[in-house]
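Chain nomenclature is as follows: A, B, C, D, E and F, assigned in order of appearance, with residue numbering initiated at 1 for each chain independently.
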């Protein structure tokens, strides 16, 4: 149980950070723990592993990838040989998760034709991977990066792509509709995908999706399957975090009476999303529910 | 002709600025000049006034209000008593123009019901007048102001409204769709209105209009009639100015390869505009063409 | 002034009722009053007529047709010979108004092709006139009438059309979308038309218009020009009356805690209206503003 | 076989009524019958159970839940130990079905935020369960109930919710679009769900869905999985029943020539449905087909 | 009266053909006839001219331009000096009509930016003038011409533009949506414009307009004002001619049982038309009604 | 291996043609080959079969049905008894494929109600089967066939249906929107279905789908499951073939400078497709991905 507690602490203390890393740490802890359990009958083994899973899950209740990793591994408990199966499932998850962003890059790059202009928002590792892969396949591409107020993460994306040698143009968030006629495809990342195929992502994403929809430009989101939010399948709503007003403007006294609201994310409805690029393929947003059910086993008929 | 030349210089040197002031200066110059012309027959009078109009118009070729003012006054030349009529037209124009923003405030405020939340963009004198009038009529209102990158004119609007005592919330441009459910009406200003009812206004306006349209929130633009662009009636396109990239981001060497594009305006199509608030009433965008024709006499059947 | 006061009383006491009759009574009173005024110079005549107009207008402040009639007649005061002109305008208005519904019938019937199925809502004299005219021109038509809860005025329409020999089917208000595939055209009446081309009519009209729009079925409203609401051109909103809850359900004690809301009208946006059938022709809803301006002279440039 | 025949009779004679009860009765009959079959080899067992299923299915050919229950249980015949499996499947189905409405309530209530106003139509047990659950979780909610002509089932819903202490407002069916701006979410029940995600429900539902779609208000239907119509997967159309005209209006002779049409249901297309709340989770309407295939095994590749 | 009868015969016998030529011939006949009428008082003059107008109008009842020309000239009868005025109006009409296509070319060419790709349908003189003018202004343009089945008039357009040196690509009518992403603007001609802003033009136009609307590509129609259909303002519907099936396919016996339908025109709704290019300026489709009323005087308040 | 090589040659040389026949030939070759392999352990068997599959797949890299057939059969290699399973899978595939079009006919015909008018495009065996089945079930139907330029395959369809006795009308491709009001349902075939539910079919299909969508007419595509494009699930785009310009027009020298473009297919987005009729049932386009995954096993979690 040491490995479980240790991992629990590291996730809780944010020593382990990032959706992918958290998920893999949890899967690995379950694997190592399972390997140490000897001479127990199946029922006792299951009990111990379930407890371990419970603890890990409680380390960061709001991180989507954590319960997904745990659930994926725990699905092994239903098989005939639970210990073997749990270990195999954990290894499977780790490998798949490690390669996820790279696979997304490969799959997503196939949607980028030579000569395309791509628009992206904020600073998504997966979206950047798609663009870089397309570029390194020799395609002649251009990229529009939005500033992404209030924290200007678009500058990071612009810099990262520019450093690869890609032709990058930075624009303010308000200029998306102005430039959309020059854009061939929109590719963004994801903070979470819900059971009914909605995308929770950086504030501003939903209005870019609306603009792309109006202009009939394909809008794709790049999302590892561990971003698919399991609890939304039983109806849960994702609460949108509101962050510090000082991210928007630093106060200097005289403006004090002006309120500032600073939501970090917004929700893009599924009808504005043409496809979700996951490491296991391109899926329509309406398939999100099936991914949650099939790969993470969240639906129980007996529930 | 002194008054004409003097006014021409002042407009050219930007001593006289602002759409309204430029227009009134031109009208006044024509009036004073007409008053000085004595003992000429009608044809000679017309010739002189037409020359004066030509000169004034050339002072700032891109300002919409200038040719409108000149054309309005010159329409008097068609009447039986051209001198008298030119002077009367000039006076008419000046009074109407002076009261325009105030009248827009009164008319627009009628669209704001008690308890409404209003969203505005950038820093428009006419839109602010609408909001302030509604507030001072005793209506309990709230206002969302967008930052309006890259020059953050939204802060000026927020401050101006806050100073009146109005409840103001500042948001980033990307957050409009997030908050639109709390908004009852959008009111913005106008840089120009085209013959087919489109709105040329600060970059970002067209995406706010799209978002309001999607959410079925009324979108109104407040525009003095001298903002209606006369040449668009004969097909002319309005060119959108691109401004200095440094407005968006100050360069520090290492980012030099990132291009920056900074268009100042965008075009909102007429189908996303519910009404134009002018000083002569609320009109549908499809009526813009009629205003240009009727009040400024731009269409000639013999053309 | 006796005729003015007498007419004022009759309108106020609802002795004279109905949009058309009220309007004609006011026009007639102004005409008769003008005829009695002798030996006055134009300015004094104008003063007296303006006072009379003011009084008449105050008799029923919410009736749209009354200020329209008064304004129409008073426009005569601007002409060279005001007395003559006022009398002529009044006569013009009375004739035009008397024939309005009949002319609407003739114009609207041209939109009904042989074999058409028409859907109508509530109980509009003008809409019925359109349908009856088409039928008596020998066209083979069918009509769907909605019940029009809560007062079931649809039964009156069904009866009126059935008495003419027309094939009528009555349906509940909820069944409009079910039957819309069998419908070729929707024709309804109007309580008021606003400056930006919206239709204020019996509750339920706007959802029928939405359904027709979804199904690409033409939606027409039959409205005499005196139904065009003059004050909306200067921004005024039309308040929607909420009527007695007992129209919806008679109370019997135990249900007392259930609230009932009973708005009498709703507002159909102009984009769901294909054309307005007036006595002076078929106009697009965007032309409503022009009608108010041209025929009733509501816009003053000096305003 | 006695239990099968007895149950067949009870369903046929409507002694057993209601989608859920019929389905459970059939599953239970198959279970009890399976338990009585002894000493038969698998093939003979299968033959007997298939015959029993066939008979039960024929008891009410139009009830959606009946063939679903039978198919669910008969899927056990494919397993290695058919008898055991059939019994297990039957028990599974009964438990799941019994808890279905309660689970729908729990899942659906998660979509209701504190302060929400909900609109519902007709009188659906599942929709009421969602609303009541949200209310008893302590959420401050308001509800609009439509009258639901012609049988006014909306009064029953209003009464049921009012009796719980919920703030209920009753409106006529025509007033939905008028009030939609005050509504945060629409929740209705379902008579049937088709393979391509359409909703068959009380007449009027589809126009409420259209109105919600226009206003961007989420539209949810609460439907137990046994409401998913199996035959639609092989293309079958659901016929809409037309009921007695006297439900709409009682005749009194003179109106006799007016026809009355009274369809009981209409079909809401999937693109107006945001999610289906089932007892096994929230699914997009496009997932309906998968539910039919997976849980009821209706698709056979060899078909 | 000789000139009237002679012109009547020439129009009737199709010696004079083409919308513009017919209209000018009628205007000229009225002018010449008016000039020959001497020594009559105004009432007698009016009577004679009205009779002449009546006769001319009857020469080709379905040609839109003919009644427009007659009405335009006859409007002169309302002026103080009817003879002078009729002659002046006729001259005005002839000059304006002669220059109409050229003016449309100048106005329309302003909407074509350098580098644009234009799509056109069928073989419209006015649309070709717009494209040629833009090209001869030095703009680098490309053109897609549709085949325009069944008579392949697109080949004529392709040839005409190609002969000017323009880069032309011919495509089948079915390929419009495939190529629309490469198109910047659609410009077509007009057979008639209706009072509510619809376009009657060669079969296939309305689906091109729909495709342009879906892709947010501006759709413009080039139409001389004499193409605006006067009778539509009083509700008349334009009947669509069905032409000889052999235009579609030449029969060879064995296919005889296959029916062929061959409508020559279709109707494009106003909401898919961005602007109408007329010789007096660019107007929104909703302004069509105003053109008919103002320039041709078709609406009479007394009607 | 002889049977494999022989089949490879026949497919390559187009001796075996047609999506269905190619697929069945490949499955049969694998079956026969598997039957000849004796005395090998499972690993060696797998290796040989995989090689055979590889070779067959390379015979026609662009035919969708070939890799689907191979993949379907090769899925048997994962089972416990690979040889037996491969043979069984091959037989399954062949039977299912043989009956596919017939089953599609049966399923699709259920969507055709008595009295319906159907529109079809090009010459699809599956779509024709649907129409013929409906007709031979005794339904009174009418059919519109489009010409389908440039090769006029619509004539073949018209003839085929006419020969059955069906009432057929031929129209030009441009007339679809004109006649859509008379159409109850559109049924077309498919060249390929992509993972996100798009339809690749004969040029013109996507604009018919758009027109049907605008008019709210159901649009169905009839597609055997072997038409579902496997590689699209990992992001691949389908390249659209451009064919010989002479299919459009035969050249005669003087037109040589006119370019001709002749794409053979276009892509219909999933939101314009109401359902896909497959031999295993009616599915929503969003289910395409699931079919590819489930029946052909294209997604590997470890990928």
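The rule is simple: contacts are C-beta pairs under 8 Å (C-beta built on N, C-alpha and C of every residue); 3 or more make two chains touch, one makes a residue touch a chain.
What you see is a predicted model; the values in this text were computed from it and never measured.
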item	value
Chain F and chain C - chains in contact with each	D, E
Same vs different contact residues, chain C with chain E, by half of numbers used	different
Gap in Å, rounded to a whole number, between the CA centres of chain E and chain A	57
Centroid distance [mean C-alpha coordinates] between chain E and chain B, Å	35
Residues of chain E engaged with two or more neighbouring chains	214, 271, 284, 286, 290
Chain-level touch network, classified as line, ring, star, complete or other	other
All touching chain pairs, where touch follows the definition stated at the start	A-B, A-D, A-E, A-F, B-C, B-D, B-E, C-D, C-E, C-F, D-F, E-F
Interface residues, chain C side, partner chain D - complex	146-150, 155, 158-159, 162, 167-179, 203-204, 206-207, 210-211, 214, 240, 248-249, 255, 257-263, 266
Residue numbers on chain A that touch chain F, as the complex places them	92, 95-96, 103, 106-111, 113, 271, 274-275, 277, 279-284, 286-287, 290, 295
Contacting residues of chain D [partner chain B, same complex]	214-216
Of all residues in chain B, those that touch chain E in their complex	195-197, 232-237, 270-271, 284-286, 288-290, 293, 298-303
